[in-house]
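The structure's right below; bear with me while I get my questions together.
Just so it is clear, A, B, C and D label the chains in written order, and each chain counts residues from 1 on its own.
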C-alpha cells in the first residue's frame, strides 16, 4: 500500500503505464502475434531517442530557457563525417567513433561560447549554431550516402539474447547518466543551477564550468546517437536528425523532468521514448490517416500529462 | 528598537479598545500540513483601533494564522468572522472586509513599476487615468509613512533595494483609494528596514491606530512589539499561550512566555586579532573611503543604513574568491544569504539537500556523494540549531521562514570555510534561536573562523569585534571594541564621516 | 533624465534594426523605395502578429511550442471556410481561440508545464490542418487579400501594419490595467492571487488573447500568400520565440515588450533578406542564417554595453 | 553534358536566379550540383550574365516567398523555382510577374497562371508502380504504402496515383500505410513499427528514397523481402543489384531526375531569348528496370541519385515537342 503510493508519486511511472497500455492495444490488433517483433522494434528505435533525450535532459535541468536545438544538426554532421571518414573500412570504426565524440565536444564548446560570450539565450544560441552545423554537414559531402563499415552495421542491427544491441548501448549510457545525476556532485550542481543560478553561485558552485560541461555532454550524446543511427540505417542523410528535435524535448518532458529545470529523471525518458514510438505504431496499425494520427498523438500526449500531472510546477 | 518610551495612558487606552467592534475574529483554528500541526486551536481577535503584536518562535504558526485571516488558507477546523459576520471566507471576502496584508516574503511583482504594483493590489484603480491615480496614491502614502524616502515611483521594483521594496509594499497596503483598510497585517515588516525607517513605520502605525484602524504586527524584534502594540499575543507550537495588554510585558517576560530563557549577554570581546597578514582584504570601494581588511578569528560587522553598499561588498568579496569555471579546490569562503528566495534556497529540494550543497566536497569520495555521511551531517545540524521539521527529507519550503534561514546558516557553518560572509542572516529568526546562533558564532570565531557580518540590527552589530560603517557605497568609519555603540554607528552613517 | 529599464529594452532592438536596415540599403539601394520597403517587410506582418501572441504567453511565464502549427491551422481555415462560408469560418476560429483559453485553464489548474501541453497541441493543430487541407490549396478571402495588398499613400502597407500592431499591443499590454495583471502573473503569481484576482481567469484571458493574435497572423499570412497549406507556418514557433527575445523579452518574470517584439520580427525578416543580397554559396546559405542571428544578437550585446556605460556615468 | 553553344547574344546580359526551398536530402543536393555544373558553363560562355542559386534554411513557403521578393528587388530577369507549395507562393510570384520577371517552376510547381510549369505527372508515377506490380504478380497481394510528408502536394498526387492503380487492379490491397516523410530513417522507423502487425506483404509502394529503409526494416523483422519499388537512390540500386545477383530479385525504380533543374534553366533562358514557350511542359520521370539497372548504376555517383542533365538542345526538343 505504502510502497504503491511511493511508486505512484514517481513522475516517470505514468509514461511507463501509458507505454504498456499502448503496447497492449497494438498487440491486440493481431491477437498477440506481433508482441515480440513490436517490442524489439520499440526497443531499437526508443534507444535512439533515449540517447539524445538524456543529453537534452541534462541541458533542460539547467533551468528555464536551456534547450539544445542543435541536436539534430549535430547528429547529421556526426553521422556524415564519421561515415565519410570510415569509408566502409572496418578498421576505422573506433577512429570514427572518436572523431564523432570529438566533434560533439567541439560543438558543445561552440554552443556555450555563444551563450556566454554573446549572452544569448541558449535556445537562440543553439539554433544559430545548428544552422552552421547543418551547413558544415552539407559542405562536407553534399548529402552523398556512404555505407557504414560492415561490422558496425551488423553490430547496430543485431541483438543479444533478443535485446537489440542499440538498446543495450542506450541502457549502458542511461546507467552512467543515472549515476552522474543521482550520485555525483555534478548531478547536484546542475540541479541547483536549474533552481536558482544565483543561489548556486553563492554556494560556491562553478556555474559556468558546470553549464559548459553539460552542453558538451549533450552534444557528445547527440554525436554518438548520430554515429549509431547512420550506421543502423545504412548511411547518413542530411535530414536524418530532424525527427529528433521535437522528439528529444518530448521524451524529456513527458518522462517527468520539470521543464522549469532543477529536477530530472532517467527512467522517465525510457518510458516516454517507448511511448512515443508505440503511439505512432499503434495509430499506423489501426490504419488512421495522417491527420487523425497527428490529432490522436497530440491528445494522447496531453492525456498522459494530465493523468501524471499534479507535479507541483514551481514558479 | 529597544529604549523607545511608552506613553503612560496605554492602559486606559486598552480598556476602551476591547469594547470596540471586532474587525476579525478567528476562533479555534486548526491547520495541519501533513504531520505538522501548524495551528492547533488558535484564537485571535482583533478590534478596531488597536495594534496587536504577535510573537512566537520560528514555526509557531504566526504566518499560518495570518494566511487564514487573509483568506489564503482554509482552516481544517474553527471559524473566522469578519466584522462579526461568520460564514464568508476566502481572499475576496477578506479583502472586501478591509483586510490587507504585507507578507513575510516580499510579494510585489518585480517586473512591474511601483504604481503598476499598486494597481494589482487595488482593483479599484481602473479607468483611463489609473496610472496617475495610482502614482498619486503611492506617493502620498509613502510620504506619509516614510517622510523623505527618496524612492522613485516610476522605477521598476527590480531596480529597488530590498528595503525600498518593503517600504513600497507597506505603503501600498496602507493606502486606500476610496476607503482606508480596516486591518493591516504586517508579517515581519521591519526585517529589512534599518532602525530609522523602522521607527518611522512604528510611529505611523500608532497614528493609523489612533485614527481607528487596526494593525496586526508580527516581529521578532521585541522592542518594537513592546513599544508599538496595545496588546500582545504570544504563540507557541500552533497555540496562543498568552494574550495580555502590552504594558503587562517586559522583554524578559515576553521571552519567557515564548518559552525561552533569557540569557544574560556576557559577550566578551576577544583581544585584538589584527596584525599579521589579512585573511581577506579589499581596497577602498569606488576609490574613496577606507580599505577593508579582515583577520583570522575576527568578527567584523558591516553597519550603516540599509542599502548603502554592504550587500554589494559581500557579493564582491565572495565572487572574487570563487571561480565560476572551476571548482574551488578547498572552499575557503562561505556565504549566508539574507534574501532567501533570491540567492538562498533551492525550492525543489529537501531540507537536507539544501543544507549539504556547500559541503558536498567533504561528503564525497571521487565525486560520488556519500549519502550516509550526508544524512548524519543533516541530523547533527538539525539538533544543533533546532530545525523544526519531522524529517530532513521534507521540502525546504515546508519550513517556516525563520527555520529556512537556519538551514542557510547551517549550510555555511557546515563547510570547512575559514571565512563566512553573512548578509543580514538573522532576518526573521526568533530570539531563542538567535541566542543559540550567537553562541555558535562565538565558539567558531574562537576556533579561528572569520565572520563578516552585515546586520540591520544594532544588537548584533554590538556583538562584533570591529565594525565598518557604510555610507553611499563606501566605508566611512571603522569602530573598534568599545567604540562600537549605537551613537557612534549612527553618527558615522549620517554625518559626512570623519574618515571620508 | 533617467531612462527607465523598459525604454532601454526598446532602444537596443530598435538600434539593431536600424543598423541592419542601413546595411541592406547600402547593398541594395533599390530597397529604399515604397515598393522596396513593402517587399522587404510585408512577410514580417504575420510573423509580428505571431510574435506578439508568443510574447503574451511568455508574459505569464509559459512557452507556446504550438504557435507554428496553430498559425498554419488558422491559415488553412482562413483559406477554406472563411473564404467559402464566412460564418462557419468565424465560428471555427472563435472555437480555436476558446481552445486556447481552455489550454490556459488546464495548464493552470493542473499546474502542468506549458511546453508539454503545447507540444501535444502542436500535433493536434497539425492534424486538424492536414484534415482541412490534405494538399495545398484554398483561396484567400477577398478582403484579406485586399487589406494586405492595399497601397496607402506615402508609407507602404507593411510599415503601416507593423506600426499599428506595435502601438495597439503596447497600449494593451504595457499601458492598460489589464496588461498590468497579465505581466503581474508573470512577475509574481502569488502576489496577484493574494490581491484577490482570479489567476485562472487572467491566464485564460491571456491565452485567448494570444490565440486571437495568432488567428490574425494566420489570416494575414493567407492574405499575402493567397492560399494555404498545412505546413505553411511551422517555422513561426521558433521565429516567434526568437522575435520576442530579440525584442528584449525574457523567458521568465513577465518581462516583455510588445514594440520590441514587433521590431524583433522585422529584424528577423530583414536578416533573411540581408543574406540573399550577400550571394553566399548555397552550401553555406543555411549556416549564414545562423551567423546573422549571432551577429544581430552580438550587436544587441554591444549596444547593451554602451548603454550600461552611459548609465553608470 | 552541356550542349554546344548556339551563342544567342540576346540573353548574355540577363540574370537568372534559382529559388530552392530545401537542401536537406541527396536529391536536392544532386539538383544543386547539376544546376551548378550547367549554369557555370553557360555563364562562362556568356550565354547568361548570372545564374545564382538560393536556398532557404527550412522547407517553408513563407521563407521562400520572402526570398522571391528579395530577388525582385535584386533585379533578376528570370526566377527558376522549386516551390515549397504550389499555391502559397502565388502572391510573391504575382509580384514578380508584374515586375516583368519570367518565372519558371519545376518539380515543386506553382499554380499561378503567369508562371511556366515543368511538371512531372506524379499521379502517373504512382499508378505506374501498381501497373508494374500487376504485370509482375497477376495474382495480386497485400501492399504496404510508404507516403511522404503529410500536407504536401507531391505526396497527395503520388498517393492518388497509387489509389487509382489499386482501383484498376483490385487484386491488390493496401493493408498498411505510413508516413516516411521522404526521409529514410523516418521510413525505417515507421515501417518497423507497423510491420509486426501486418500480414504477409507482397510489395511495398513508395514515393522515392524510402526503399532501402523499408528493406532494412523487413530484414530486421526477419520477414521475407517483398517487391519494394525503389526511388533511384544509389544505395537502393546497389541493394537491388546485390539481391538480383543473389537470387534474381526483381523490382523497378522510379523517380524524377534532379537534373530537371537544368531543363528549367534552359527554358527560362529560351523565354528570355524571346522564344514562344507553352506555359505547361511535361518531363518524363526517370524509370529504371531490371534490364537497365547496371547501366544506370554505373552512371550514378556513389551515394547519389540517378540523374539526367539537360543541354540546350534537349531543352529545345522538349519545348518544341509540346508545341
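The rule we apply is simple: contacts are C-beta pairs under 8 Å (C-beta built on N, C-alpha and C of every residue); 3 or more make two chains touch, one makes a residue touch a chain.
These figures come from a predicted structure and were not determined experimentally.
> Touching both chain A and chain C: give me those chains, sorted by label.
Intersection of chain A and chain C contact lists gives B, D.
> Any chance you could check whether A-D or A-B wins on number of contacting C-beta pairs?
When the contacts at A-D and A-B are counted, A-D has more.
> Take the average of all CA coordinates in chain A, do the same for chain D, and state the distance between these two points in whole angstrom.
32
> For chain A and chain B, let me know how many angstrom lie between their CA-based centres, rounded off.
45
> Using mean C-alpha positions as chain centres, tell me how far chain C is from chain D in Å, no decimals.
Measuring from centre to centre gives 34 Å for this pair.
> Let me have the rounded angstrom distance from the C-alpha centre of chain B over to the C-alpha centre of chain D, please.
72
> For chain A, jot down the residues that touch at least 2 other chains.
In chain A, 131, 134, 138, 142, 258, 290-291, 293-294 touch at least two other chains.
> Residue numbers in chain C touching 2 or more other chains?
In chain C, the residues touching two or more other chains are 130, 134, 285-286, 289.
> What parts of chain B, by residue number, touch at least two of the other chains?
Within chain B, no residue touches at least two other chains.
> Pull out all the chain pairs that touch, please.
All chain pairs meeting the touch criterion are A-B, A-C, A-D, B-C, C-D.
> With touch defined as at the start, can you tell me which chain A residues reach chain D in the complex?
26-27, 29-30, 33-38, 40-42, 44-45, 131, 134, 138, 141-147, 157, 229, 233-235, 237-240, 242-243, 277-278, 280-281, 284-285, 287, 289-291, 293-294
> Once bound in the complex, which stretches of chain C touch chain D?
Against chain D, the touching part of chain C is residues 28, 30-31, 36, 39-40, 42-43, 46-47, 129-130, 133-138, 149, 221, 224-236, 269, 272-273, 276-277, 279, 282, 285-286, 289.
> Note which residues of chain C are touching chain B in the complex, please.
So the residues of chain C in touch with chain B come to 2, 4-6, 175, 177, 180-181, 183-184, 186-188, 190-197, 253-255.
> For chain D, which residues are in contact with chain A within the complex?
Result: residues 23-26, 28-30, 32-33, 57, 147, 150-151, 176-179, 181, 183-186, 188-190, 192-197, 212-213, 216, 219-221, 233-235, 301-304 of chain D touch chain A.
> Tell me, which parts of chain B touch chain C in their complex?
Chain B reaches chain C through residues 70, 72, 91-92, 95, 101, 103, 107-113, 116-117, 119-121, 123, 125-126, 130-131, 152, 154-156, 158-159.
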